[in-house]
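Across the two complexes that follow, chain A remains constant while its partner is chain B and subsequently chain C.
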Partner chain A sequence: MKKTVVCLQCPFACKVDVELSEAGEILSVSGNRCQRGDSYARQEVIAPVRVLTTTVRIDSEDREHPLLSVMTSGAIPKARLGEAMRTLASVRVKAPVEYGEVVYEDLLGTGVNVIATSSIRK
Partner chain B sequence: MKTDILIIGAGLMGTASARELSRYKYLDITLIEKGSDVCSGTSKATSAIVHSGWDLSPGTKKAELGIKGNRMYGDYCAELEVEFKRIGSLFIAFNEDDLKEVKGGIENAKKLGVDARLVEKEELHQMEPYLSEDAIAALYAKDCGIVSSFELNIALLENAMDNGVKFIKECPALAAKKEGDSWIVSTPKGDIEAKYIINSTGVYSDEIARLFGDDTYTVGAYKGEEYLFDSSLSYMINHVYETLSAGVDLLPTTHGNIMMGTTRYLVDKNDFDTTREHYVDIIKNAKKVLPALPERQLITSFAGQRAINNLTNDYLIGISEKNPDLLNVSVGSPGIFAVPAIAEEVAKIVNENWMKLEKRDDFNPHREAIPDFKALSNEEREALIAKDARYGRVICRCNTITEGQIVEAIRRGATTLDGIKYRVRAGMGRCQGGFCTPRVIRIMERELGVEVTELTKKGKGSELMPYRVKDFLKGGGDK
Partner chain C sequence: MSGIIKRNVDVAVIGGGPAGLGAAIKARECGADKVLLIERAEELGGVLPQCIHNGFGLHYFKEELSGPAYAYKMIEKLNTSGVEVMLKTMVIDLTEEKKITAVNEQGIMEIDAKAVILCMGCRERPRGAIRIPGDRPAGVFTAGAAQRMINIEGHLPGKKILILGSGDIGMIMARRMTLEGAEVKAVVELMPFIGGLIRNEIQCLRDFDIPVYVSHTITSIKGKDRIESITIAEIDSKRKIIEGTEKEFEVDTLLLSVGLIPENELSRKAGVKLHPITGGPLVDNLWQTNVSGIFAGGNVVHVHDLADYVTESSEFAAENACKYIRGGLKEGEEIPVSCQDNIRYVVPNRIRKNGEDVVMFMRVTQPAEKVEIRVGDIYSRKLDFARPSEQIRIDLPGELIKKCDSGLIVRCVPQEDKNNGGEG
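Let's turn to the complex of A and B:
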């Protein structure tokens, strides 16, 4: 059967078609203008991954900002995003935190870290 | 707990009566309200017009108390520091039938002693440059005014409490029985023992009367929809417009908005919806009267319920036939203009039927309003900020409301978002709370020592944030 994926690697947004066998093996990939599209489509069809952007609670003097914006340092399996959110809900960080700092290591054993995407200094 | 007079219902009539009775010696007065704040019913959803009374029927209580009240309004609002503007009203004629009514109205006003004169087309358009060219004449009643009914209600309560009245909110009267000389009224906050009862419960007046054995009347809620425009349009209208054939009323508010309305139809007592169907009619009519009115500048709408009883078109104010300890104050519409006079009437009825009233020397009629930062001069603002730096932090940008005002509103009893809104107007401007709400919430958390999950807009059922997202996720998320 055929699955069509829109590649996100560059603004061209190629529609990439992936032919799959009954057993789920990739038979062919077409519609991509470059190799990045080929790799992206294969990954997306077999084992989709996502970078998670969310927030964690931060204890600081500033009542206006009880949450710190974060993102994962790499992509994690899309199917585990819910689990990731439930895990991060219990995370409490203490100010000061700088942009880029690791605030949580090895999310769900994926080897991916969670890093701060803003700075809260007091 | 024990009290002499229990007043049920803290709207305009209840608070005005409480304040009036607190002028007299040795009276223990308790005012209870089922809502989570004072002014929870019709009083916060009125048309804000203090009528002159030109169109009332001579010989009615409505005419007597309304016209008397109108005349008292200037001093009444001055001592309570509530803004009242006697801008006058125009009953505008667009055709010959309207004109007949205008002339009839002037005759009627003469009978009542109300100042009303004919204004011809040229003078009319000088008074109202944006009024439609189709307006041919008007009845001009110079004594009509506008007031903020919720500000007045709140001010009346503050002054009543300052003079010793006890106020209990979230306290509906659930049942009542006579024990000896007194009435035992049961409420969720305990039993209240009272000798006398004043029933000022608006659309629920019949239900409360029935608790005390009076089943002589019923009250229907007649809904009036009102629509508010941004205050940048206040230059378009200088007087209260009343019309007949044009089917719409238009007026400026004391805060500089334009308000238009209205409807009058029977609804369930829990129906406060404004409807697209009626809006479409009202705006169409309004644009015929004020062609330059920009529909896009509509900022909000609300609906109020007129408490109309089935016995009379007049006011129902008096000792109940079925219960000599019960004083019913059932005021239909219009009611705002009569408030000061009805308060005095209530005291008169108490004096004649229940107990001789003796004036106190230590009654304080003056209530100090929360400073309105927006209205102050730069020097006044600087003086205020020097006393309290929180007046230097603007929280509501639409109306320039400062943190100092919000903190003061909380100090005076606001525990909900609406409680702050009705006391200092934060959230009433163009953005309708879009900017200030999170900031107001932070201030409430700090001043009340609670988390946002415990705060409401206007009491139980209107929780701002039932749970924090993180707590929801910790509890399993979608499970």
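Let's turn to the complex of A and C:
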């Protein structure tokens, strides 16, 4: 079985073909111009991951700015993005928050934290 | 009631987004004494605070940041730079003599600046401008307005979404709405190709199995108080509807991502001439407009791919604004720059032959592979691929430009096997 992945590591955006056995093992990788494309394609086909950027609610009286923008400290499995969003929907953060502060630890047991990407004053 | 407040500054920067922030900081770094940054919103950052996704800062800060993070870092630099900031201040007039009239809660101000840098960014093209037929119910938003609602105000604009336009903002909103629990039924695109970056095509559309219909347009919106359904149809190469290709989607919301238009009301007031294709000021290689001492940077000139490029362009403008104030701008004979073949536009529109190096930016009209960009007959570069969503940058050494007598025409043509136009 063949899967085609577009590598996003550089502007070439190589279309990399990955041949898989019936059991899902990688047999061959082709179409990449460099080694980064090879590793990227393997990861994408076996266990695609994504960094999640979203917002979490702030516990405060400031109705005009009720949200804090956040980002995961690393990539999490693409298949679990929905679950991650539902988990973060019930998180409430208290002001003040510093840029870079961890606002949620170990998202879905992945070891990845959720980090504030802006600052909120009290 | 107090009278009009009068001020004098060296450099006035209009707009406090990634362009204005870059210009103001750079103006101080270049030695300008009084630098004033005027912003109409309550906070600095322009559109960045609502751009909670990644893709910012890779070039400028060598880190992958979200929009708010990029703004945060720029504002941190600004705070130690000695720039004076006026928030919640609206510039309502600008003259050729570089006199700014601005209004805020303190009253009316008249600011005389030795140089002005225009950094007002863009507005989104609305429904009325493209005349989508049908009823006019609630539920039609521009993508950026919806982005602000979700990411800053905390409201979900709708539950079943159709998006018109496959530019980056449309694709990014497709992902955002899906992550927040809405159902994005389709992205509809007029052109035969997707308008934004490949990275977004994959991570915003393919990741969520959102269908894309290229070469399609909306033929009608139906609904009384709120949108009930939207019909699309395929178009031919002459943009005529192909009969029998209509598809109807039951949705309650339409997001429009159909173009960013540089905001140049103030530029016009100052007598600044605008480019017919970009909608931004006509500038020379110093990013100076036709009005002496009025410079422009960022998306107000042309839409850039990344915020990093926006900041870089406004820094160019600021460096030159400072040279202008010190009387150090090297004048020179001007030659016009134009484009043809597969080049949609080129910036700058004229170049001064003063021996200085020139940076040019351009976009192709259609995606193409194995092409050659030719600048007159003084420079050429081969590219494996060229896409409308990826701006092309060409650096021209000053000595090459000295060889030009008449204008420069920039072209994008297929590579020839026996071509001998190597790198300039």
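Everything below uses one rule, namely that the second predicted complex is superposed on the first by the 120 of 122 C-alpha atoms of A that agree within 3 Å, B and C clash if a C-alpha of one lies under 4 Å from a C-alpha of the other, contacts with A are read in each partner's own complex, and residues count from 1 in each chain.
The rule is short, and it goes like this: contacts are C-beta pairs under 8 Å (C-beta built on N, C-alpha and C of every residue); 3 or more make two chains touch, one makes a residue touch a chain.
For clarity, every value in this text was computed on a predicted model and none was experimentally measured.
With the two structures aligned on chain A, chain B fits next to chain C without clashing. The superposition places the C-alpha centres of chain B and chain C at an angle of 50 degrees about the C-alpha centre of chain A, rounded in steps of 10. With both structures placed on the common chain, the touch criterion links A:Val6 to chain C but leaves chain B unconnected. Of the two partner chains placed by the overlay, only chain B lies in contact with A:Ser90; chain C stays clear of it.
Which of chain B and chain C touches more residues of chain A: that partner is C. Using the contact criterion defined above for the overlaid structures, shared-chain residue A:Arg50 touches chain C, although it does not reach chain B. With both structures placed on the common chain, the touch criterion links A:Thr117 to chain C but leaves chain B unconnected.
Aligning both complexes on chain A leaves chain B and chain C separated at their closest CA atoms by 5 Å. Residues common to the contacts of chain A with chain B and with chain C across the two structures: 57, 64, 82, 85. Of all residues in chain B, those touching chain A in their complex are 442, 445-446, 469-474, 476-478. Across the complex, chain A meets chain B through its residues 57, 63-64, 82, 85-86, 88-90. Every residue of chain A that touches chain C in the complex is listed here, in rising order: 6, 8, 11-13, 50-55, 57, 64-67, 69-71, 78, 81-82, 85, 99, 117-119. Interface residues of chain C facing chain A in the complex, by the touch rule stated above, are 49, 52-54, 64-69, 71-72, 150-154, 179-181, 198-199, 202-203, 207, 384, 390.
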